[in-house]
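So the structure is just underneath, and the comments pick up after that.
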Amino acid sequence: MADGRDYSHDGPTEKCGVVGVSLADRNAARPLYYSLYALQHRGQESAGIVTHDGFQQHSHVDMGLVGDVFDEDDLDQLNGPAGIGHVRYPTAGGVNNCCAQPFSVSFKSGALGLAHNGNLVNADELRDELESLGHAFTSSGDTEVIAHDLARNLLEEDLVRAVKRTMERIHGSYSLTIMHDDMVLGVRDPQGNRPLCIGKVDDGYVVASESAAIDTLDGELVRDVRPGELVLLEKGGTGFDSYQLVEPDNTAHCFFEHVYFARPDSIIDDNLVYEVRRNLGRKLWEESGIDTDVVMPVPDSGRAFASGYAEAANEDEEADGVEFAEGLMKNRYVGRTFIMPTQDERERAVRLKLNPIKSTVEGKTVTIIDDSIVRGTTSNQLVDLLRDAGAEEVHMRIGAPAIVAPCYMGIDMASREELIAAGQSTEDVRDVIGADSLSYLSIDAIADVLGQSRADLCLGCVTGEYPYDIDGEPTDRDVERPTVGERTLADD
Amino acid sequence: MADGRDYSHDGPTEKCGVVGVSLADRNAARPLYYSLYALQHRGQESAGIVTHDGFQQHSHVDMGLVGDVFDEDDLDQLNGPAGIGHVRYPTAGGVNNCCAQPFSVSFKSGALGLAHNGNLVNADELRDELESLGHAFTSSGDTEVIAHDLARNLLEEDLVRAVKRTMERIHGSYSLTIMHDDMVLGVRDPQGNRPLCIGKVDDGYVVASESAAIDTLDGELVRDVRPGELVLLEKGGTGFDSYQLVEPDNTAHCFFEHVYFARPDSIIDDNLVYEVRRNLGRKLWEESGIDTDVVMPVPDSGRAFASGYAEAANEDEEADGVEFAEGLMKNRYVGRTFIMPTQDERERAVRLKLNPIKSTVEGKTVTIIDDSIVRGTTSNQLVDLLRDAGAEEVHMRIGAPAIVAPCYMGIDMASREELIAAGQSTEDVRDVIGADSLSYLSIDAIADVLGQSRADLCLGCVTGEYPYDIDGEPTDRDVERPTVGERTLADD
Amino acid sequence: MADGRDYSHDGPTEKCGVVGVSLADRNAARPLYYSLYALQHRGQESAGIVTHDGFQQHSHVDMGLVGDVFDEDDLDQLNGPAGIGHVRYPTAGGVNNCCAQPFSVSFKSGALGLAHNGNLVNADELRDELESLGHAFTSSGDTEVIAHDLARNLLEEDLVRAVKRTMERIHGSYSLTIMHDDMVLGVRDPQGNRPLCIGKVDDGYVVASESAAIDTLDGELVRDVRPGELVLLEKGGTGFDSYQLVEPDNTAHCFFEHVYFARPDSIIDDNLVYEVRRNLGRKLWEESGIDTDVVMPVPDSGRAFASGYAEAANEDEEADGVEFAEGLMKNRYVGRTFIMPTQDERERAVRLKLNPIKSTVEGKTVTIIDDSIVRGTTSNQLVDLLRDAGAEEVHMRIGAPAIVAPCYMGIDMASREELIAAGQSTEDVRDVIGADSLSYLSIDAIADVLGQSRADLCLGCVTGEYPYDIDGEPTDRDVERPTVGERTLADD
Amino acid sequence: MADGRDYSHDGPTEKCGVVGVSLADRNAARPLYYSLYALQHRGQESAGIVTHDGFQQHSHVDMGLVGDVFDEDDLDQLNGPAGIGHVRYPTAGGVNNCCAQPFSVSFKSGALGLAHNGNLVNADELRDELESLGHAFTSSGDTEVIAHDLARNLLEEDLVRAVKRTMERIHGSYSLTIMHDDMVLGVRDPQGNRPLCIGKVDDGYVVASESAAIDTLDGELVRDVRPGELVLLEKGGTGFDSYQLVEPDNTAHCFFEHVYFARPDSIIDDNLVYEVRRNLGRKLWEESGIDTDVVMPVPDSGRAFASGYAEAANEDEEADGVEFAEGLMKNRYVGRTFIMPTQDERERAVRLKLNPIKSTVEGKTVTIIDDSIVRGTTSNQLVDLLRDAGAEEVHMRIGAPAIVAPCYMGIDMASREELIAAGQSTEDVRDVIGADSLSYLSIDAIADVLGQSRADLCLGCVTGEYPYDIDGEPTDRDVERPTVGERTLADD
């Protein structure tokens, strides 16, 4: 497909990638541009860069892929050694210009730029409160709410305290890169829901959603930004200051970043995503391995899982040993402009995207490995494809637990009605998909592989219990969470 | 040229056209679209429409000509019988997305949309004041300042009083169309600097920068909006309410609308622009008529002036009678994408835009009539062209006084350095241009033809004295003007 | 409208403009580019330039306006001091890429480029004949037929004889610019139906459809290419050679070039188009002048006619004297991307394009002057508009005879069914249009003003009798015309 | 990258993919469209479809990817149950419109459409010969030469004999799909250099470059078109007729299709490409396996080779067993619009495309597997990347022999100067690349895996001896080849 993303996987969609850079005396625009390329998988709807040259802010934000949004001239006009960048995924409810980021505003004490990955759960309350104080908003996004709140706090406080005050008021998941004039900040929510990390390059420092962006700049990963931490990159790229502004009791890391979103070559919260996936694959064999003639990944999403699964199978002395094969070939050209086939051509369209290699399937028992099942439509088509190609049995093994509830933390997963596993047993799902057997990975395996307790993970989408107060949804009770809105502007 | 505008005239550029429509039960989008087409000459950089369907606001704003910005789908999505529209001219200092209008914000009591033609002289003070109260701005434009101020006032006052309070605070020239939810308003500044008029169509009412927009909708011009007046279009298109919110001592109508900007078929402040131009042409003959073999307009800007001038000449019993001829042919295809000629092809480029008809020029004495001279470069080229074509003498007559100072009221005229007549006598200008004689029209003739006293006109660009307090510029002393910022929010 | 063309005039459409340039040591691309701009009114569908640098041919041809088809890089790549160019009008039956010109082919003795204005009447016979000899065609256009025929003849003859042989075989109207390698030729058909002229610039020679293209290059018109003449521009721009290859008995100049197509500032067959139009206007007064309060042109097409008409009226001692006024204002922005109004908005759309100035019309008797009536739809709308604006009487005077038959000579006039005057009396047409009176100009007046005998004009569209043998149409009998296809390739 | 193609692999580029379809009573356009999607990897420069509805030909050809070239309307207008399609790769020497295919011409007996994959070695001679007979060419491509020759033969012969005559005259590699009116043909050159196969769908038959296109239509592969065979699809999709028009002594199948170009899921000349690559990987271990800590493919091109290599290694009882890992992560978004980094950012750009996973590399000995080395630049960068990531040793194993000579058979490989292995020993190449060891696969292994004798393969690029007579290159002497141009038109 045009953007290389695995759309044959009926997967969830992550809303954003963020980056911030502060350098000695080189313009930040190009490093930001290459970083956004490295984060493109986190958002293909819009891209933007905001820089500051010490005197004024420069901004270029538009709809489209990074490569389409910027040309040489655009980069040349984005002056200044400090800047932030953003890529954004389409949200349900419409693509539109107004929500492209970074969001920038000017206010009493200067210019603010914000790039946000995540989702606030109390944005509406804050918006109402700010509107009561006379604020007017140009968009319906969370980011503008954060920007206004921060601008307001900056009237009375210094930068660090103003950020702290805003962090005490906003509730939900957020990894932010912020520019206050030419000062670049990185902020991660107290539960550390979305990833954010710090990197060092030759002549400066970087904060980015994923370490792969730092690799792209030939830099070194320093460490993850800690939940509740503010990182302030020094001007001139000489270092960074850390402020632990909120002390969380528990974290709520999103396990799905590891399963699906993040690049395999990124290190998130000390885990290399590729290794996590391989180990999840190994666990999958341990929990529900089945002897079949051949094991094949759904490309590209299931590849690392399948490799771990097959490896574990071959090390398992009780097993017969499995053949690992690439039996499904993916057409990387099927993209957004693709003309949908008519009803009777529907089946052809699936084979256009994913074509089974008959010789590796025909007359064989087959296990296919994928990372997750969201709506289940593609899984169903895959099973049919393999049966048409002559598979005797088709077993499906999934490297994550069943997704039974929506995500409110910034991932456009699907509504509860669309989730195939919401309110259905695994046997029901298996039946709909048409597989001979179906197994998901256990939640404990996830926690185990990530080296985290369940209490430190956000498991909302697989348990239906959330680490945040969400209207109409149960809370993850055994965990103490900070309450929303402890202090309001009225207190000041 | 591509947009039909007379770029061969090195003219000033008007910043905007505005329109507002409230209808019975038809969508406002198409009437707004056709109105913007009728106002396209007032702005070619961006176009936008905002409508409201009683429940929510719909907005479509983009860079480009009206015909390029909207397609059928866009119009279909702009639901609701009430709406406003805007076309915008490029300002000095860069074309950019953020300043396209209408500007829309949501705030405590609903949604606001604003379309602005004019220029505030105290925008910076107001912005500072609002920023002190915590407001954050996404653009550097006046319009956002007005929107924030109005939103703030609407927290405490009803719509009419809120507008009145904002009008007491903003200072400068403005014709505004405003939407507060599905209520459409038209507001004209107390000096009536920019035009704004009211029209009636079959099923509703319209406010627009020029009456030609009303003609386009097959409507009737009701009257001009009065200086300092707020016009509130009733929902359902049944009528309009008028509130004289500020009572001005004097007006400051822009005479240049009549000379250059407005369409000839518009009626502005009770004067048909075409007739004004013809009468200015007649005055021009009276004041500085000269007997030459042929009189020719600079197309298209000088045509009405030349027709009045020639008519007066032929009625003048002491004169020999002149031949009126179209001796300069304009190429309407030369547009924005035109590749500039190399240095030695420069002269050819002028003839590409404007070609003299040799037979009407050769061996003759020629008078060319234009509406105004700004930078003088085109005038110079014209004189050269005519001499090359064999003209024995070339006299230039201008239907407006010499422009000696910049405009601060919303017209991107040119800087003082660029104005050929700033600090130069008419004889100096004649010399630079290379004409055998040059005469401008007197200021008194302007006032006379418009039927206004000089004290009721804004003559800043031809006198250097302004009817508003502008940093570093003298005020037009003999006129009492309202003072800026009589009341501030702090008073409330 | 976007391209400045008078589409409010329901006029015929000319198919093409051609140009050829040979210079000393400057690249021909830019002069060709500026020439095509000057000829843009002759075709807006596609534009193209082919040059030759002595070694190889360079070509850039694409759909769109000149300004859109070429950028700086395109011009820079079109190397060589010799070249030809073409602009093309959409033909009935579809816009398509394949017919954009110049058409270029390589063949045994080199490379050919052809740009064609006109229409062959025996293209199908020639195509069949060439196909019998094995030729395969990539387009359905005349130009490819001419190119193949010429290429074939060049196998056996020198350039001049090959052109002569082709001229003896092709029948119809054609003005061609041709490149054989870096040799530039201009050829005009034996009847001189389409215009073509020769010009001199500082460092070379030009052949072009209209002299305005030569003006644009700051050159001098040398003379028209004679009917049946081949002009061969010398390499190095040092001069040109003339070969009178066919000696015609009579010419068949298209009078409609003067009435409608050509630029007013072009000189065609020794007549300045602007003067022709003024004189036709004078004749119009003489033949059918009527005393009304005001005379107004349909802009822009009727302007020169109306000016002559009003002048004659005012010189006429028996007449009361008329007021000439611009009572109809044209919106130059209404272009191709215009969204068509719904049925009930139709009337508004007319006023969007052409708005009457009420004060010059209301309560008055009005004469409107236009150049021609083709389908009559706009004329009808105009009369309605003026009546709505309060005109007491509306009289229409047309500067050409009634168009009663289609054009087969390269103008996409309309089919016979669409022509309002085909098979209807002037009184019938007047009734349909709704005017109080309607008069056309006589054919004799046309011949008189052009200084030609009727036998030397192509009057097919106003008489229905053609100077060429056209299937199903009568021939203009009193004139001896050369017979088609006197010699065929089989003779050789 | 944007198109999913492995540009990090400095690989050769295939010129084309072709397809032809004849159906019962469904339009062929959509099946052709989906087929071209399946063949998109064979050409991204242009795409085109030509159909015939029994009465007339319809064509849509443009520059760009399949998804960009066609929209719904385009497909809807391509009427008729028979058609052919083409995708094309940029050739050295410029992208241009004229060479996009299918190429279509009309001639005496109807309309011809041609889509060509391959390269003629005697195109210039044929072109000269045809030009001597008066033919004129619009492009410099081979395809137009074939079209003209075929059109010419069709004047005298029936379709099958005309194709035979043309096949006897053209020399080189070609897989053609041809339309003569609504008759669809597939032709493969006598040496079978380029692939072409026949498939059956529910309601018709297909010829296509690769069987994956047939899979996409949910069809069944019937068999390869035989070298020298003409396949004529019956109208109505009822079957196909076969004519063995030329009987070759030896074939000259391109082994590089298997190594690099073709999709892994295609079956070419009875071999499944995926299996071929796995088996080549196995041979590679046998010939030059080396014990290292980890074996990793260059994604995606080396994956199947590496999988076979690792499998063989693990089966090898004398070896220690290797870990197969995905240690290089590819960014699929880096595409054509990518802004090239400045000199000092060059290294970063490589990591943007291909990022090593440190943990799988650091402190380890590494073998990387790729399919081929052309220019060697990427290989060099890869070795550097791995060393930077801490690899102790980097060994490179290549699944094909060293490429030492250019391809004249339709692949834009590189010039001899650009080929790193041309004139250099493997040790030299290893030194330039900086690897600790480097081994290519033997030519015998290729022949062995493909089950062909060397005499039946085209090995020009790895031996420098070609199975065709190419100016300035040695012929593969031990093989008898048909001589070019045995009969000329002059014979007829």
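Letters A, B, C and D mark the chains as written, and numbering starts fresh at 1 in each.
Note that a residue touches a chain if its C-beta (ideal position, glycine included) is under 8 Å from a C-beta of that chain, and two chains touch if they have at least 3 such contacts.
Chain-to-protein mapping (UniProt): A, B, C, D = Amidophosphoribosyltransferase.
All figures in this text were calculated on a predicted structure; none of them were measured in a lab.
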Least step count from chain B to chain D, where 1 means the two chains touch: 2
Chain whose Cα centroid lies at the greatest distance from that of chain C: A
Copies chain B and chain C touch via same or different residues, half shared test: same
Between chain B and chain A, distance of the C-alpha-averaged centres to the nearest whole Å: 50
Chain B-chain C separation of Cα centroids, rounded to whole Å: 38
Distance from the mean Cα position of chain C to that of chain A, given in whole angstrom: 62
Shared-contact residues (touching 2 or more other chains) in chain D: none
Listing of all chain pairs that touch each other, if any do: A-B, A-D, B-C, C-D
Interfacial residue positions of chain C with respect to chain B in the complex: 1-5, 30, 33-34, 37-38, 40-41, 65-68, 70-72, 75, 212, 215-218, 263-265, 272, 274-275, 303-304, 307, 324-326, 329, 331-339, 341-342, 345, 347-349, 351-352, 355-357, 359-360
Chain B-facing residues of chain A, complex: 103-108, 112, 128, 131-138, 140, 147-148, 151-152, 155
